[in-house]
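Each of the next two complexes has chain A plus one more chain, namely chain B in the first and chain C in the second.
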Partner chain A sequence: MTDKDQTIVTAGGHGRFPWSHVIGYIFSLVLTLVALLMVINHVASGGMLLFVILLLATIQIFIQLFFFMHITEKHGPAYHIITLAVALFFTFAIIAGSLWIMTFTQLSS
Partner chain B sequence: MGGVKQFLSHFFVTGPFEIGGDVSIGLVSLAILFVLTRYKLWGWLWRNWLTSVDHKKIGIMYMLAALLMLFRGGVDALMIRTQLALPNSQFLGAEHYDQIFTTHGTIMILFMAMPFIFAMMNIVVPLQLGARDVAFPYLNAISFWLFFFGAMLLNISFVIGGSPDAGWVNYPPLAELQFSPGPGDNFYLLSILISGIGSVATGINFLVTILKMRAPGMSLMKMPMFSWAVFATCIDIIFAFPALTIALGLEFADRILGAHFFTLNGGGNPMMYVNLFWMWGHPEVYIVILPAFGIYSEVVATFSRKRLFGYTAMVTSLLLIAIASYFVWLHHFFTMGAGADVNTFFAIASMFIAIPTGVKIFNWLFTMFRGRIRMTIPMMWVIAFIPNFVIGGSTGVMLAAAPADYQYHNSYFLVAHFHQVLIGGVVYGMLAGMYYWWPKMFGFILEERFAKWGFWLFNIGFYVCFMPQYPLGLMGMTRRMYTYPAGLGWSSLNMISTVGAFVMGIGFIFIVLNIVSSIRHPVKDTTGDPWDARTLEWSLPSPAPHYNFARIPVIDSRDQWWEMKQKGMTKPDDSTPLAPIHMPKNSGKPFIMGVLFFIAGFGFVFNWYVLAGLGLLGVVITLFARSFDYDTDYYIPVDEVKHSEAAFGRS
Partner chain C sequence: MAVDVDHSVVKSADHGTMLEYSTEDGALKILGFWFFLAQDMILFACLFATYLILHNRTAGGPSAMQLFDVPGFAAETFILLTSSFTYGIATFQMRNNRLKSMLIWMGITVLLGLSFVSLELKEFITYVLQGATISRSAFLSAFFTLVGTHGLHVTLGIFWMISVMIQLVKRGLTPVTARKAFIVGLYWHFLDVIWVFIFTVVYLTGVMK
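And then the complex of A and B:
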């Protein structure tokens, strides 16, 4: 690790209390608990529940990106944007592919 | 007293092979304890190896573990082949046979191929990039110990509790509690879940290392080809391993917590497991083959004394393979019954991968074309790889044709195909890499006589073993078949195949003999560049000092070290003054965390939740302790660097 990187790490990590991590952690816990309780108590119909859970999951992705993964910090090339784009691309391929592959279970039942 | 006896008889597996296993494990452990105590090596082991965060040492430990696992998986293979040598054989029981092919596959892919590529990545990448370590050295140590204890967890299943026996893919519903009760399949799930955390961390670690820690002047397009291959591998590791973790995590929930993700009743769908498993499974084969491609590129350029032919095409092919590998997973289960449209899409996508792979094969051939080829051991493995991979690739395209696959699926044709690409591609590559970089790791060259014996026996044995399996598959022999009746015309081909497997086993013994005899009579590498090679790692003394580069080099061309030698330099530029070197401190926590994960995993395997909870609590405590550890790095003073460089005859 070069010395320049080292100073950045020190400034963000050792100096002060990492409030953003704690807040992000609490937010994540709350979102997960809400999703779990909603499913356990069947608060809505299946389709509606699924939609709400997906919404909560999406919010949690953003919370993790901002509070834990320092998405706003940048030095040098924007590798994180490229990485996120690749991740989204693969995620889309995997989800769309799985749905497409699994359609046969509806056809055969 | 009777209860204890009953518990012990279930806990320890009893049978002739297992008692043999108990005895040999006991003897080896005693021997290790004796040697460490007799020669007072405990402190040395702890300070220099177990707590090390040095990428070179972690790489060497990965390689030793991979060779050990190659031996274990190889013994499994020989037992499988012995059972199949004759019709109606009773050498192994059916259940025992199931356990052995399951552990053979699991160990060879996850605990032999994976650590072997991690070994090469660790040993070579920072040296090629002109870096002093990986981006996150502490995380790197955690990755290793999670792999190591994950592998140990699977290996003890042979003598404690019973091995998994649902195949290396562990498909439900067979792998569910209903059909596979007992701890066997839990061992599979927990060991891979634990080592999988380490694999993802390694992927992230090397991606960041490659993007952020290249020496000044080394643009991505001046990066050595092995590092490019590792870059493509990391993309696959990071995005593929989560799918495996999810699949195994959900199956774990089914088995341990009584969930119904993949069960036959309760709304489960076993096909979803198959889907998720291969979403990882196909990128996984590229994860293990791409670093081997990188090794072939380095070795072929060095021993042809030419720059690598078609650098840009090579990089493009690597990235195309890495991306396309996410669009082919269904070809592992064409026969599941998804519609013709689905099968067509994945068949064409699979065949497409042959194009970039073919480009790479031609580029290696053109690199050799009109080169001054030196037939060293690494080069022999590379040249032997090419026909192997061409046959394996062609049969792969045959398997990718969905309608025809209904004939080949799960037959010995498939078994022959994937062994041809995984042994002929990955194992040959890793052995080429081991011989090539051995002097850089240990400071001496492996001698050639036994190495040649090993090479020829292994290579000839390979063809004798696997060529008969193609016709066997076409004649209807299916994989995982425990025994077969006489009179099907399979007997002589199976016997030939078994003979080949034993020839490969003898070849492996020669490779081990080769290492042992080279340690006893080492041919020292005094220059640091025994092969007259091209990339930056060969500008360092062998073995490289723990800080790697006394001065970080400035890069202006692709084959930096070769170009420097062309200008008449025999060692790196030492005109600039030395500066103190910033290094990470060793830490015992990654090892301790590995032990705690092992304890937690062992607890879950036997449904001992108190033990599992204690293990996990220990992991959390270790993480906390690390968070408050501010004393993690130090500077090597200039005088010490000067002193150590002088020992290498440099300044």
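And then the complex of A and C:
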């Protein structure tokens, strides 16, 4: 192993109390509760509400990645982040592309 | 390729090098697992796309609004969120070289995983008994495929986690067992992310309006 390989950034790795995990957990609980309560209490109209709860869910991805999955840790170049970014792009392309193309069904029927 | 497993790095929890990354083999396998997660994400992207297209095609059968039970799916969500946190603590204990505590937190995670799967099974059985089977409508086919695929992932994760626990009990914390435990953790947190989207896109939008 070279010296470079040893440079692993720790994110909540060591210590007496797992503060970063507790903070991540509280964040995820709050975001979920907010989304749930907003939907139950119909605080906004359909489109706006959908946008907000999707935004809350997206924030939760980053909470899992940073507080629990230790995404900042790496061993050499951060290939895993590039791969995740590519997969996120594909995810977006598959979902948005499918929804878009299916809006044309009215024209063909 | 010969892999140099150097056990002399083992004591490292205090020294900043983490066991699971302490060998080239371990570090590569963790990277490889990120690649797996990326492709698993694309599998779920396809299932989400299918669900989003078909969620209104109920063919005169029950709709999402009629089926979904808010306390039920909320409970599933909070259980899974908590299990992601408890596994995070297990990883934290592993990095502080506290095997016993790590195993306890892994055990708690397994129990939470089991309660999630049983709640989901109960939910599915309730639907099927109401006549909402997978073949009833396009909406239900898409629903059971998406949510069921996630449920199968969780079920697999539970068995995987138990097998890693057995290895930890037998062999203790070594670069190999630490790497395995870390990778199960990545898988588990990933499943939590997928569930957050199922919760949002399937359940919350299902009971909206």
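Methods note: the second predicted complex is superposed on the first by the 87 of 109 C-alpha atoms of A that agree within 3 Å, B and C clash if a C-alpha of one lies under 4 Å from a C-alpha of the other, contacts with A are read in each partner's own complex, and residues count from 1 in each chain.
Note that in this section contacts are C-beta pairs under 8 Å (C-beta built on N, C-alpha and C of every residue); 3 or more make two chains touch, one makes a residue touch a chain.
The structure presented is a predicted model; accordingly, all values stated were derived computationally and were not measured.
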| item | value |
| --- | --- |
| Partner chain(s) touched by A:95 [first = chain B, second = chain C, both, neither] | second |
| Of chain C and chain B, partner touching more chain A residues | C |
| Partner chain in contact with A:68 - chain B first, chain C second, else both or neither | second |
| Which superposed partner A:80 touches (first chain B, second chain C, both, neither) | second |
| Which superposed partner A:24 touches (first chain B, second chain C, both, neither) | second |
| A:104 touches, of chain B and chain C: first, second, both or neither? | first |
| Chain B/chain C common contact set on chain A | 1, 5-6, 14, 76, 79, 86-87, 90, 94, 97-98, 102 |
| Footprint of chain A on chain B - complex, ascending | 133, 135, 211-213, 235, 239, 243, 269, 271-272, 275-276, 279, 326-327, 329-330, 336-339, 342, 582, 630, 633 |
| Chain C - residues contacting chain A, complex | 13-14, 16-18, 21, 24, 27, 30-31, 34-35, 37-39, 41-42, 44-46, 48-50, 52-53, 70, 74, 77-78, 81-82, 84-85, 87-89, 91-92, 95-96, 185-186, 189-190, 192-193, 196-197, 199-201, 204-205, 207-209 |
| Complex interface listing, chain A residues touching chain C | 1, 5-6, 8, 10, 12-15, 18, 21-22, 24-25, 28-29, 32, 35-36, 39-40, 42, 46, 49-50, 53-54, 56-57, 60-61, 64-65, 67-70, 73, 75-76, 79-80, 83-84, 86-88, 90-91, 94-95, 97-99, 102 |
| Residue ranges of chain A touching chain B (in the complex, touch as defined) | 1, 3, 5-6, 14, 76, 79, 86-87, 90, 93-94, 97-98, 100-105, 107-108 |
